[in-house]
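Look at the two complexes coming up: chain A is in both, with chain B in one and chain C in the other.
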Partner chain A sequence: MERVAIIGVSQTKYTQNNPLSFAELVYQVTTAALEDAGITISDIDNVVSVSSDFWDGRTISSMAISDASGAYGKDITTVEGDGTFGALYGLMRTLSGSFDTTLVVAHHKGTESNMRGITNTAFDPLVERKLGLDAISSAALQARRYMTKYGLKEEQFALVSVKNHGNAMRNPLALFPMEITVEDVMNSRRIADPLKLLDCSPVTDGAAAVILATEHAAKKLVPPQKCVWVKGVGHCADAFRLGDRDLADTRALTAAAKRAYSMAGIQDPGREIDLAEVYDAFSYMETLWLEGLGICPEGMACEHLERGRFDFTGPLPVNPSGGRLSSHPVQVAGLAELVECVLQLRGEAGDRQVEGARTALAHGVNGMCGQSHCVWILGK
Partner chain B sequence: MGKRVGIVGVGQTHHASQRLDASGVELIAEAVTRALDDAEITIKDIDAVVIGNMDHFENINYVDMWAVDGLGAVMKPVFKVTTGGTTGTTIAACAFYTVASGLFDVVLAVGWEKNSESDTQAAVATCANPVLERDFFAGAIGPLATEYSMYMKAYGATEEDAAIVAARERNNALNNPYAHVRQAVTVEDVLKSPMLSYPIKFLDMCPRSDGACAVIFAVEEKAKKLCPRPAWIHASVVRHDYTHFGDLEWTFMPTLERASAEAYKLAGITNPLKEFDVAELYLPASTCGVKWMDSLWFCDHGEAPKLIRKGVFDMDGELPVNPSGGVICTNPIGATGLIRVGEAAWQIMGRAGARQVENVRRALVTGFGGCSWSDVIILGADLP
Partner chain C sequence: MSDWKKSVTPMVFPGKIAVPYTWTVGSTLSKFYCELRDNGKIWANKCPSCGTVFVPPKVKCINCYRDPNIWVELPGTGTVESYTIVRYEEPTLHPRKAPFVYGLIKMDGADTCMVHFIDEIEPEKVKVGMRVEAVFSENREGNILDISHFRPIK
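Moving on to the complex of A and B:
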């Protein structure tokens, strides 16, 4: 793969009931990403928006934000899914020889959406939808299967929530920075057994933007310290129906990660990656995905977590931003992870800076219970 | 530099107003299986998949996930793109860039829609701004009626000019076994059909169809091995306009002018009317088949009716437009643009059956959607 750099990033503060419209959010992050890179909209060749008609409650949802993303008169397209997939298409377009610079922008207003209704429509309309399955109830099934397969306990998952909300205390953009204990998580309201309120990510509003550039354009447009390089990326989907999968088997993630690692020349991800932003929509997902990513053996991530391996001060900090458990703007989330990784690799992550970070992993999810995954490796 | 990319296989369903025999996933599987057969490969040869449709028509969220069984995408890389009417050409562009990037060698592009399960016009209406424009630009017909009214006023074009286009395309569809509407009509039939929204009448307008289309894109080395005469991608260009209908130019199509000008430049086309051998254009109404000919640089503004009356775009004319019967005969919306790409590829491959135009070396494809967005794709028999 030819070298592609991320040359500009931005994200909003993550909030609830944000009074800004979709277009205003997109305008805000587009402008800020251009400022971050020190370039103007005329330096941007094309735009990828990450929009969803379901979450936006509007057909051709990208229509509402194309002006705001500076796409007038430009080549623009839309990916529907997590921001990591939008960025992946941005990368492909940048590598295709047709474009030198690509703006990828995502927006989400969870507090204007009906999360349970919208995620219910991700299930088969004839059978599964009528059972009332949604993002939370299906995640509960997955958590239970994961616990059963490896003999794990709810208290172990609770520790993910404690760690990530604690990490959010160092992130001024996070929605829910909190100092909490395992007991607090265990005593929080039970939503769908075994998941409790503090095992679940919050409904969130926000936006993020990333600017990709070919090596040639990056060198022309920005100083070298702004550039963070794409080292590898991989994506893969598993079966649709929950019953067709072993929900504790992360083979699609493993395949996606394998591809990303091989492109990046990574042989031992647990040692070579300095920090990871992993898609913790629910507490148990962080440990399950860490196993799928090959960072720990199957069934062992909770034990490694308890030993402090993934703490902010540990050998492999996971979700130093506070993760999705602290701010979860769907679709934006994976793009926000890329933004976080870029800030970390530039050394601009403020109080949440991981010392000496040279290689970072970002991970996005599409579909229910992690049906599809997108894994990114970024480097200095 | 990016890789050169060719189309090596095309498949589509037999489109209909209601395909009660097949679910959405089964429609997708039908198109995918036919594309694999057309390319003489199996699903194992596919490295990555791209899919698209319009969410609110069938109310399936995360369609790329729901469709994996039909796509053959279990344990494969897949994601979804969607841009309204342009979705089909957006999918083709995505597959093109995916291969051109060098990340994947053989990519399956799939578009589908099952409009019989949707309230299409109600869903389309929600694309307009809810406060300012939704009430009077509800559905797809209103804006198209507005633009042709303005074109008629500006240049003296007539309802009959559009009716000639409608009759031409509907009669072309008689040669296309996959077309949804296959009915011989006269110009008079069109003019006498019920008025939908002045000046657009029933036979001027596209239907809403059930159907799917699959097109297989391959990197140069593989395309040469897989296909005796691949359809090479010479250009793919998209241009957008402002968000609000009220901000748009109505007597011509600025996005189509800009997109086609750029695409012609990339493909080295200086006289499109002469240099293209066939065109598969996204014309959602016959009126667009008049007005938009200007914006493709076939003639000066307002001159399109003359070319149409001379038969320039007929099957035996200088540049046959929509031998397939086009969008007004077949419109599974998320697939519609991709069908244009597939039909144009078949014309180059020489696989277009009774609708084949002789010796096609260069084909023009367009997509239309959103608030007058334009996609232009150019295919060629020669390497780009």
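Moving on to the complex of A and C:
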């Protein structure tokens, strides 16, 4: 298989009530990604946009931002899901032999709508939707199931929020950089027990873009130091309905991770990965997913977190960007993780730079309570 | 250019999308809802290959992709596998006023859980492992709210 590089990246500052329109956001990150790569729109062969019609409040949302993404006269297609899945489709199109370069661009303005109403519509209208479930209440069911299965405490999840909001202090793009304590999380407003306000990620606006290129195109278009290589990708889905799976069982993520590690030649992910951006839409998810990723044994991630293993200065920094707990533009989020990993591997991550980063992991989620997962391994 | 933007309020167009749908329930879930509505019974279906019993019933077994064509009546009791106390109001979504409890209930006679309300108990007293039973609505219309809620078995 031909190698594929990420040759250009960009992301907006993550905010609420962003005054730019969808198209303006897409213009901004597309232009900035092209500038980052040092190429022009004529070097882009095709575009994958990432958005959700329900979040945008209009159908065929890819068509509405097609000219903003420079797709006029080109092939454009859309992924309605997390940005890691959009990038996965972009990778496949790049590898298909039809396109040398692919722009993947995601936009999201959650603050323009109602998160609970939107995420309620993700549930089956024939069964659970009438109960009023949404992203928060379903996550709360998962959090308690995870606590029950492994005897975990709310204070342990609170530590994820403390770490990630603290990491965001080093990221000028993050929405909520905060120095907080476990007590602050525990005393924050109860939303859906066991989740408190500071266990939940904030509704966020933003956009991100990455440019993928085949090895031969990358070598022609950009200097070698710009290239970050796709080493491995894996993805896998679990059952749709919450009650059809054990919410504390991460079998789909484990399968996705195994595929990515095998493709990347990784034997011992806990030692070989230098940093990970993990989908922490809620505090407990970070530790649950770290177990699914095989970075810790099942039920052990909270203990490893308490020992400092995932701190910014620890042996395996997790979410050095501040994670989704600090800025959560849905759909953009996984693409932003890839952008973060690229900056880290290029040594361009500023104050949040993880020293000597050579292998990075990005993990995205689609569906309620992590129904499906996409795992990326990037390297120099 | 950036300065004047700070002194003005961005222009926004408020909007709302209300589009009607008539979602077809399909033969599998129709049977489930007819039994609920007409007889106040909860039925599940079982995969002939792996034996997994699904409630609400599935069109295909998620493990084997076989038709779970063996129908099984459930006793309507179960065990709380997880729960949450919802503290926020969302009147257009929630059929209850907060605080209320959602339970993930492992149904007796089935291998899957149902999500539903747990009532007739103070929210703070709900526990994982608690035994519960379904309470049916008086006026049943053939949907998931024909089960009014689950309550602790006394």
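Worth a mention:
Going forward, the second predicted complex is superposed on the first by the 380 of 380 C-alpha atoms of A that agree within 3 Å, B and C clash if a C-alpha of one lies under 4 Å from a C-alpha of the other, contacts with A are read in each partner's own complex, and residues count from 1 in each chain.
Throughout what follows, contacts are C-beta pairs under 8 Å (C-beta built on N, C-alpha and C of every residue); 3 or more make two chains touch, one makes a residue touch a chain.
Values in this document were obtained by computation on a predicted structure and should not be read as measured data.
Looking at the shared chain after the overlay, A:P125 reaches both chain B and chain C.
Judged by the touch definition given at the top, the superposed model places A:L242 against chain C, while chain B stays out of reach.
A count of residues in chain A touched by chain B and by chain C gives the higher number to B.
Once the two complexes are laid over each other on the shared chain, residue contacts for A:D193 go to chain C alone; chain B is not touched. By the document's definition of touching, neither partner reaches A:S42: not chain B, not chain C. Touch criterion met: A:N366 reaches chain B, while chain C stays clear of it.
When the shared chain is aligned, no partner comes close enough to touch A:Q267: not chain B, not chain C. Using the contact criterion defined above for the overlaid structures, shared-chain residue A:D67 touches chain B, although it does not reach chain C. When the shared chain is aligned, no partner comes close enough to touch A:T313: not chain B, not chain C.
By the touch criterion stated above, A:G57 is placed in contact with chain B and with chain C alike.
Chain A residues in contact with chain B (one complex) as well as with chain C (other complex) are 57, 125, 239. Those residues of chain C that touch chain A in the complex are listed here as 5, 10, 12, 15, 17, 21, 23, 25-26, 29, 54-56, 58, 62, 81-88, 90, 92-96, 102, 104, 112-117, 128, 143-145.
Interface residues of chain A facing chain C in the complex, by the touch rule stated above, are 17, 19, 57, 112, 116-117, 120, 125-128, 130-134, 136-138, 140-145, 148, 189-195, 239, 241-244, 247. By the touch criterion given at the top, residues 1-3, 54-56, 59-69, 73-84, 90, 93-94, 96-98, 100-103, 123-127, 129-130, 236-243, 258, 369-371 of chain B touch chain A in their complex. For chain A in complex with chain B, the touching residues are 1-2, 23, 52-54, 57-60, 62-67, 71-81, 85, 88-89, 91-98, 118-119, 121-122, 124-125, 233-240, 251-252, 255-256, 366-368, 371-372, 374.
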